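For clarity, chains are labelled A, B, C and D in written order, and residue numbers in each chain start from 1.
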Amino acid sequence: MSMPNAAGSAALSGVIPPVCTPLTPDYQVDVASFVRLLDHLLDGGVDGLFVLGSSSEAAYLTDAQRRVVLETVVGHVAGQVPVLAGVIDMTTPRVLEHVRAAVAAGVSGVVATAPFYTRTHPAEIRLHFRTIAAQGGLPVYAYDLPVSVHTKLGAGLLLELAAEGVLAGVKDSSGDDGGMRAVIMGREAPFSVLTGSEVTVDSALWMGADGVVPGLGNVDPHGYVELYRCASRGDWEAARAEQERLVRLFEIVKVGGTRMGGSSSGLGAFKAALHLRGVIDCPITALPQIPLNHDEIGRIGKLLATAGLL
Amino acid sequence: MSMPNAAGSAALSGVIPPVCTPLTPDYQVDVASFVRLLDHLLDGGVDGLFVLGSSSEAAYLTDAQRRVVLETVVGHVAGQVPVLAGVIDMTTPRVLEHVRAAVAAGVSGVVATAPFYTRTHPAEIRLHFRTIAAQGGLPVYAYDLPVSVHTKLGAGLLLELAAEGVLAGVKDSSGDDGGMRAVIMGREAPFSVLTGSEVTVDSALWMGADGVVPGLGNVDPHGYVELYRCASRGDWEAARAEQERLVRLFEIVKVGGTRMGGSSSGLGAFKAALHLRGVIDCPITALPQIPLNHDEIGRIGKLLATAGLL
Amino acid sequence: MSMPNAAGSAALSGVIPPVCTPLTPDYQVDVASFVRLLDHLLDGGVDGLFVLGSSSEAAYLTDAQRRVVLETVVGHVAGQVPVLAGVIDMTTPRVLEHVRAAVAAGVSGVVATAPFYTRTHPAEIRLHFRTIAAQGGLPVYAYDLPVSVHTKLGAGLLLELAAEGVLAGVKDSSGDDGGMRAVIMGREAPFSVLTGSEVTVDSALWMGADGVVPGLGNVDPHGYVELYRCASRGDWEAARAEQERLVRLFEIVKVGGTRMGGSSSGLGAFKAALHLRGVIDCPITALPQIPLNHDEIGRIGKLLATAGLL
Amino acid sequence: MSMPNAAGSAALSGVIPPVCTPLTPDYQVDVASFVRLLDHLLDGGVDGLFVLGSSSEAAYLTDAQRRVVLETVVGHVAGQVPVLAGVIDMTTPRVLEHVRAAVAAGVSGVVATAPFYTRTHPAEIRLHFRTIAAQGGLPVYAYDLPVSVHTKLGAGLLLELAAEGVLAGVKDSSGDDGGMRAVIMGREAPFSVLTGSEVTVDSALWMGADGVVPGLGNVDPHGYVELYRCASRGDWEAARAEQERLVRLFEIVKVGGTRMGGSSSGLGAFKAALHLRGVIDCPITALPQIPLNHDEIGRIGKLLATAGLL
């Protein structure tokens, strides 16, 4: 169970997948498939939804497409679970535009990275998050993704902004579990620490993380929900066994190999798996991503079968 | 003299400053100041204008603000010189939106980076530029800026896309003059090589570069135009002397030091100098950039005076 | 308990600290202090010792000093526990020299990084480790330390070399626990996975790691031994509590702040703490490291006191 | 003409190739080939020699092999031109060992990088060079090679150490000609600025650089000497033509492609070319470098023929 962060409330927790954005063959948002995906996730028992994150191909969606996503998810979910929205863009003024759209759509919170493309500085990162929090009117979650943003959000900076009330939590996709632990141990009030790593969820929860935002959770939401429930009731052995099954499933993101970028390979795999499982109509990814070929999709099918998902 | 690249035409050449975007104290585009800046540059004798580049704070401007810039520049310049427009965004679909706005405004060409934020690959970079060229209908210039994009555009890739007719040129802000030379020596048809480095323009022209896109050209367009003219008539000694004066002036970008990021320091310095020279009303930079303080602006004033600009 | 890896034997496991190298005020190896440090660690119950690693300042020691370290440790330990020796150098021929010295001294195994300083390639990294294994005659452990080596040893490469019998294990100081888990789950024969991260030992053991090589173990060997014992008997709650105490103690490495490099700050803190605890005579670190000042050492003392170590 | 830097003397200048180290098939220094290579370079008219640099495979040579190189070069050159020696190692104490060996052998100056492998800091880099200068007793040249050292030596730091008399010059292999120009324009006393870039020598000299340390100069010393002489007498057109011929020849370093690291490809090409030109007996490179194959060496032969060198 989880709730949006607010004065006196508990921190957001549980399984909150970054929802893929299915596309039609002509690269428009496939609303019907998207709704089926939302139901697939809700049926899987997820505790929240995170749209317009990196796994959602937010970096590839036009503003109009982002609005379709926001309106569809808020309308369809209708308050069953909290909905977070990514507001990914280069700098504060552009991020604020996305925040306005997210607020207008009625989401529960927004997720923002540090500035990127520009040559930034900790003083600027602080001002960035403070401005977003002051003008947004919604809980703000920091998105720590150095592989994309080329800046690591240090524990000191996060804890400072947490203490100020600027940040309600962090989605930590840095892979630096030592740094994540420093945030967990250093926080003095509810502050959601959500790991973005699909393969170390049991250990993150063990350290005290509140939840997980797993891209692979699109493919197998039941698996992550089961993992989280096992951990919540203290059955860590079962949590680990489930995690290890998911680690093996996560091999699907490597099928694309070196003939394409990591985004193409990872997001392509999630969508191919959702297509093979019958959730979405078309596995296409946005341009300029390289599509997986027939043979690669076949190998993804075998990994799904091994995981008991086909 | 220079002209937009097209079948049978010469490559774009000369001094093409990346035009700063003056802001009002409440962070809106200051159109009156912007028009004065355009006149300042045209009076300086520039051969073209590049709006919505990094020095224009394009990464900080909302789409609406970008449109104001485009419409103002095209309307005011009225064909006196070519106008290039940056279409800086993370991926192909978002870049194409900016291309459409630029085409609608009536610019002469667009300037695009490789994808960023996503984990990209040469095959994806090629597809990115090919798609932009196919759908844009305008000459496309590649913008090589590894400090922001975290990918270096290699000579092989640029020459391949040049040979295909996909790219009309490159703005090389990588600082890798060896790589730039490989492009200059390897091209087999008109292909504009424009250096983005303010401090090695004489040597870039010496190697065969067609022109320069100097952020510092906002502050001292006459200087860069004089440098280019000297080089064009073969008076390399005079070109070097002018370049060395501009190298000393370029110290203004370091005044901000380590208490802010490089964007704040560099763009802040250009705007402070334009304000001190009476060209723009307000030196403010977009959020979350840290403003230069009174003392720092004073030091910029001294450097301007030394360069004979106050 | 642990033993050097060999046919039919168990993998190396437990707590194997990277032993600091105490220096005299004139920068020679302080053998008396080094012997006291070895006793301090053995009394703490460690399962092995790793000399000439990064925490040992191996990068700062001359070959003659390295030999003093090797001879002292092998002579003093006299087979009570396995002794691993770092053979840190830029390339294969230079590493082989260190391997010969280590073999001559009588250590149990060697620890080697990928080539650095040179621009390397996976094919070269494989050849590097194969050559070391073929010529060394001792178990070879890979040292994955991207912050120093600027190459990440991927799970695929490690598992390939493990399957070949080239590598007996890995010291993973990459901080990438997802990658470490892939090695743990992918190995098909005894292959020691040792985490080099001081702050995630409980979770690494939870994932199946065999042991830990903690720099902070110089300061508090009893703590890491207790942590490992708790985990070994399945008392994970107690392991976590001990780990969290050590996380707080690990703050000592940050006391040096931004006025020095991370090596100066971290290694200086370990040595200052060992000096304050009465183990070594002098906290000096090798040149060109910046020494901690009086105030900083005072703050380290307070952190030691909080941890119950003074 | 050039002379070692000393009180009242001119700065070191001209063409100073980083001399390759020929090896026998069993990876020992091939002294006979090395002597032939020295004669090849001296006959080509070079102004100095730089042994034990990166192009010399210094990172791959054992200390004993380095001594063979030092003794051979000093004995054979016998004062005809200055001899600089690289003292490449991770930190100050290890570098000082190499300095002692170089002094004992009788070289004219030493070339040192910033510390690497360790996590360093400008204050440590300053202390590093100051210690080397104080203890070495020979002119010290800084070696700026970020691709290997992962630190860029800024103009401010270099000028500070130049003003102190710590550094006699810099070998700039950073590719950052803007930064190099800042050093050239900022120096207030003789301070040798030597570019390490093979493909921008004419422009570096144009900016005021004193000389060049070209790896490709092993293959074609006459070419670089001709380039330098043309520039020295002010015939820049001829200098550029010669440079452009050498740029085309430099394509040999790319023949190895992506199946090996850049060191293997570049150093392998220099040695293959020297072998094809009959200067050295065996083109082998040190382990773990991947050797060029028959086909690749054939392509190098064609590039040599095109350059008029076969």
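One rule holds for everything that comes next: a contact is a pair of C-beta atoms (placed from the backbone, for glycine too) under 8 Å apart; a residue touches a chain by one contact, two chains touch by 3 or more.
To keep track of the chains, here are their UniProt names: A, B, C, D = 4-hydroxy-tetrahydrodipicolinate synthase.
Fair warning: this is a prediction, and the values are worked out from it, not measured in the lab.
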### Summary
Relative to chain B, largest Cα-centroid distance belongs to chain C
### Centre distance in Å when chain A and chain C are each reduced to the mean of their C-alpha atoms
35
### Message
From the mean C-alpha coordinate of chain A to that of chain D, what's the distance rounded to whole Å?
### Response
49
### Summary
Contacts with two or more other chains occur in chain A at residues none
### Task
Can you identify all of the chain pairs that touch?
A-B, A-C, B-D, C-D
### Query
Touching chain C in the complex: which residues of chain D?
27, 54, 59-63, 65, 88, 90-94, 97, 115-121, 123-125, 127-128, 131, 147-150, 259-264, 286-290
### Query
Inside the complex, what are the residues of chain C that reach chain A?
175-178, 181-182, 185, 197-200, 202-203, 206-207, 236, 240, 244, 247-248
